[in-house]
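To keep things simple, chains are lettered A, B, C and D as they appear, and every chain counts its residues starting from 1.
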Amino acid sequence: MHEILLSARHLTKRFGGLAAVNDVSLDLSRDEIHAVIGPNGAGKSTLTHLLSGDLPSTSGQIQLGAQDVTGWSADRISHHGLGRSFQKTNIFSPLSVWENIRLAAQSRSTPAPGNPLGWWLRADAHAGVNQRAERALNLARLSARRDTVAGLMSHGEQRQLEIAMCLATEPEVLLLDEPLAGMGVAEAERMVELLLALKQDHAMLLVEHDMDAVFTLADRLTVMVNGQVIASGTPAEIRADANVQAAYLGEEHA
Amino acid sequence: MDLANFLIQLLNSVQYGLLLFMLAAGLTLIFGIMGVVNLAHGSFYMLGAYLGYALCAAWGSLTLAIAGGAALSVLFGLLLERLLFRHFYHRDHLDQVLLTFGLIYIFEEMRSILWGDDVHGVPVPAALEWSIPLTENLSYPAYRLFMSGVCLLLAAGLYLLISKTRLGMKIRAGAFNRDMTESLGINIQRIHAIVFAMGVGLAAVAGIVAAPVSSVYPNMGSQVLIMCFVVVVIGGIGSIRGALIAALLVGLVDTFGKVLLPQVASMLVYVLMALVLLWKPQGLFKQ
Amino acid sequence: MTQPNRRQLLTRSAAVIGAASTGLLLPEIVRAQSNKVRVGFMLPYTGTFAPLGVAIENAFRMALDEQGGKLGGREIEWFKVDDESEPSKGVENASRLVQRDKVDILVGTVHSGVQMGIQKVARDSGVLSLIPNAGVHAATRALCAPNVFRTSFSNSQPTRALGKVMVDKGHKKAVWITWKYAAGDEAFEGFKESYTAAGGTIVKELGLPFPNVEFQALLTEIAALKPDAVACFFAGGGAAKFIKDYAAAGLKGKIPLYGSGFLTEGVLDAAGPAADGIYTTLHYSDSLDTARNKAFRLAYAKTFKLQPDVYAVQGYDTGLLMIQGANAVKGDLSNKKALYAAMESAVIDSPRGKWSMSKQHNPVQDIYLRVVENKENKVVGVAAKALADSGAGCRMA
Amino acid sequence: MSTARAHLEVLPRSIQLVLWLGLLALLAFPWIGSDFHAQMVSRMMILAIFAMSLDLLQGVTGLVSLGHAAYFGLAGYLLAFMTPPGEPVSLWWTLPVAVLGAGLAAAVIGFFVVRTQGIYFIMVTMAFAQMVFYLFFDNKVLGGSDGIYINFKPDAVLFDLENKQVFYYFTLACLVGVYLFLRRLLWSPLGRTLNGIRINEHRMRAMGYSTFGYKLTAFTVAGALAGLAGYLWGAQTGYVNPELMGFHMSAHAIMMVILGGMGNFAGAMVGAFCFEYLLHLFKDLPTVGGFQMGKHWQLWMGSFIVLVVIWAPRGVLGLIQRFGGDSDA
């Protein structure tokens, strides 16, 4: 089995009485896409927020590589090699595509806020940052849209930009929250290709509804219903699993 | 500070707190519920006080002045909302700050042109001219008790209106998500007009009711403005209950600050506000 | 809007800048030097002290009009600036009159913070500066100057006459209360000096932040302390409120209230019956029973349809002082030595009674004891005869 | 698809032109205008520096501070405390001390204030500024409500600041220096980060920026630059009082930045000059037919502000752009 990059043990998140995520444990290994599926409101997005540090967990433990990152802030976790994209497009609309990606890339090599050097140097003259940004731009196949204002692009392209900004921080672990949401067939195919290409030396957690994409991409599958994991395993095992069918998949995939 | 004195000071602080709530009530609606940063709130209070003085002089009775003042100020509020504020609900807080700061200048000058720059007094109605003896040389003016009564009535009325009536429900819905409420077929424009006019009316009525005690003088609004924002923000923007509790708290700190720590009395209220905001960044009772 | 060519763009922007800068220069070009006396008013025409600014200007002009509207035989050109009682603009507004309008005489102001700004400009520029109201001590003490004359009072003068009066009336233990700001502290200095000298003891010194007007807490404190009497310094809207709260708290009948005259000046119709029986000391009273005062009040009321107050009297006296000075040098205001000498030795026949100038250019004047009876300050007697300010620390250059 | 760069960094040509013309006018002014106007314009320049320092917070980082005058006044007071009554003090060490002092105060207050968001940030900055105001207003040791004199302008050895024209050009140099520093800062890593925080702070955190540190740095730098302006104000007028830190001064700074147009520092400068110039203009209005126009200056000033906020949402600079006909505004 490949090296485990991210593992969660008994993760729980309560909002008052409601347990949005209830005692969930899962592992993410290198070179593997681990998809999390489940009906709306199953707690998938909440899970990503817990793993990325956007939301503090009520209980449970998160391990990123060798480091226990439970309770860390989102920016500290990000610095430890976790990149994430958002379900609702969350980009810098007035800025150009290049500037969006460059800002993400800059987060990795920028002087401390208080250091006056960081006030005087020209941000876009930093070779390392530019190189990282260029790589992410090409990986996400957005080179043609380099100087376009992000807000003016199509929904699909903005989702690609989300991925590019995620890659620009050169993370080892990728949390992708419904990257295919709202995409046309052609755009979705291109995105699936992109995700497959990214598989090497990244560990990816994919939250997705598009069953075809999930079954082509995922090496492991976890099904969540009402905040709990009801089944986890390879796509074949999940397809054959009785209670998954009953709770979620329905006949056509039987 | 023996017990009797302490109890009287407590009464003073409660009375000042209730007065502060009455002054800030209009702001809880416009700033609290509708989210419009209304720096001109002090000016509405001042215009109300001068209006009350003028009506009281003309009609001779405070109750008539309150009624007349309320009606006129609500009309003025409706007009102002129609002409100006209607275009600013979606605008950024900064534009609201700029607009209302300009209005402060305009209203100050309007008052100077209409009613001159002199200090005036509004007589306490004869029925409330007496005082209740507390100690052998201190007694409590009945009018202040009347004012506290009005404040409590106002607080209860506002609380019930906002949280228990259908109109209140629509107001809260509109404040929470304007577009969703509009799509449900509720005429949000009318709701906003009503709430804004009520906010202006409340500020003006507060001016009239407080006039017999505070007397009426130029630029009186600016002294009240900052204190009203302090009350609304400490209470939690949008919460009527929060504004009442915060007003009582500020009344307490201000009253006992003057008596016990006179050297730092002026800073205490702001220290309180800073502490509350740092402890609970959304104020005490934010929904 | 098609993309305009460079030339068109250049002209438009230049027009904007050109208009702005000429606007700045315009007043400059008009300012030809004429042989009129240039008098500049720097007074509050907006905000809380607006009525005081108007009263001072009215009375000053009336004093000059009574002498034919001339100063030492020369016509007068008037300049005005609204100081808004805003201390942060004090120096800026004063410089406008002194440097831009090149006034020969600067009359102003009311607020002591703004007065400090004027004092700075007056000491630097040497312009003849007449102070019609602000009682800040420094103006005729540490920061005194030969070209600065005050026709009103120093903050401690009225209260220096108060101490003895209260002890004479048998009040051995008193509480002092005022706003915590410069004018309040300086008024207390006068009261403390005179009251302790006359054998009284100050039980407690109460203060509240300026401009807070919520007095209930301190009134309760006073009731608990049970002093023989209360002495205070308040002015304007806050004074009216203090009088009403004091009476409403039932203290009016039980603990007599004394104060500097500004407690009951110009606020009696706002304060109403609550003010009756309050004893105050001030260098003037509406009901001063002298022919001079009656003539002045009649003339003022006829000209301006307003009842004059102490601020009008101070404005009027500023006019009288200026007339004496200008006539002594026959209008040649540049002869500063003779002008200042004449003004220093002037005796002003004022509605408040004759007064003369101290060496530090602050009035040496009688302070009257007054009591409020149905909205009027009745003169009861002279609390202090020819009282002069100490002028400590003044080194007249 | 227009390839508009983020409008912040690159100023449209019409605005660049206005700035160059403005600079020329300012350079030539002392030779045309009188002493008083030179002082008035140098006061406008000082307020322009103050407005630009607030624009770093308000326009670039999206933090609206209603207490920015506290650091402006504080530096003025530091100069007053450092200047002995009898003789001038050297500019070369007092200016840095005042600026660093104001920056330190901004850092301390900022540490508490920067955690809050939105409206609460506005209110808590106002609360802290009122505390600083009353600290000086109530204490006679710190000058009390009547303030303190600064009897001598700082001594600069190389040039004589007592000479009004020299002081004017020194202020102009500070203005241009601060403007260039801030324009340059827009292109620096800190500038780009603050820009990102204004647009989408949540995403910035998700990408690995500890936004608290950056916002605190912006607050401190803005406080220090406000200190520079306060120091110059104290040096020029020679009189500091608590109102310099008051609510009105902070509110006027916000007016200037919004009026001029936010985010590119040119707007803050134009806003400062317009605001001050109009105040003078309206107060000087003649008496027309017995109606003293000048006395009611508040009416005209208030109306102007309301008109600008309705018809020129992006401030005077927005107007100049439209007036100058730039298409990619």
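General remarks:
FYI, contacts are C-beta pairs under 8 Å (C-beta built on N, C-alpha and C of every residue); 3 or more make two chains touch, one makes a residue touch a chain.
Because the structure is a prediction, the values reported are computed rather than measured.
Path length between subunit A and subunit D in the touching-chain graph (shortest route): 1. Taking the definition of touch as given, a chain qualifies here only if it contacts subunit B and subunit D alike; those chains are C. Measuring from the average of all protein CA coordinates, the nearest chain centre is that of D. Look at the CA centroids: the one farthest from the centroid of subunit C belongs to A.
Centroids of subunit B and subunit C (each the mean of its C-alpha atoms) stand 34 Å apart. Annotation: 72 Å between the Cα-based centres of subunit A and subunit C.
Subunit A and subunit B have Cα centroids separated by 49 Å. Residues of subunit C in contact with at least two other chains: 46, 180, 209. Residue numbers of subunit D whose C-beta contacts span two or more other chains: 134, 137-138, 298. Along subunit A, no residue makes contact with two or more other chains.
Pairs of chains in mutual contact: A-D, B-C, B-D, C-D. In the complex of the two chains, the subunit C residues touching subunit D come out as 1-4, 9-10, 12-14, 16-17, 20-21, 23-25, 27-28, 45-46, 80-82, 86-88, 90-92, 95-96, 99-100, 112-113, 116-117, 120, 124, 136, 138, 143, 180-182, 185, 209-210. Interface residues of subunit A facing subunit D in the complex, by the touch rule stated above, are 52, 54, 73-76, 78-79, 84, 86, 90-96, 99, 102-104, 106-108, 110-114, 118-124, 126, 147-149, 152, 165, 169.
By the touch criterion stated above, subunit D contacts subunit C in their complex at residues 13-14, 17-18, 21-22, 25, 29, 32-37, 39-41, 43, 134, 137-138, 140, 144-147, 149, 237-239, 241-244, 246, 248-249, 273, 277, 281, 283-284, 294-295, 297-298, 320, 322-325, 327.
Those residues of subunit B whose C-beta lies close enough to touch subunit D in the complex are 35, 37, 39, 84, 87, 91, 93-95, 97-99, 101-106, 108-110, 112-113, 226, 229-230, 233, 237, 263-264, 266-267, 270-271, 273-274, 277-278, 281-283. Of all residues in subunit D, those touching subunit B in their complex are 58, 64, 112, 115-120, 122-124, 126-128, 130-131, 134-135, 137-138, 247, 251, 254-255, 258-259, 262, 296, 298-299, 301-306, 308-310, 313.
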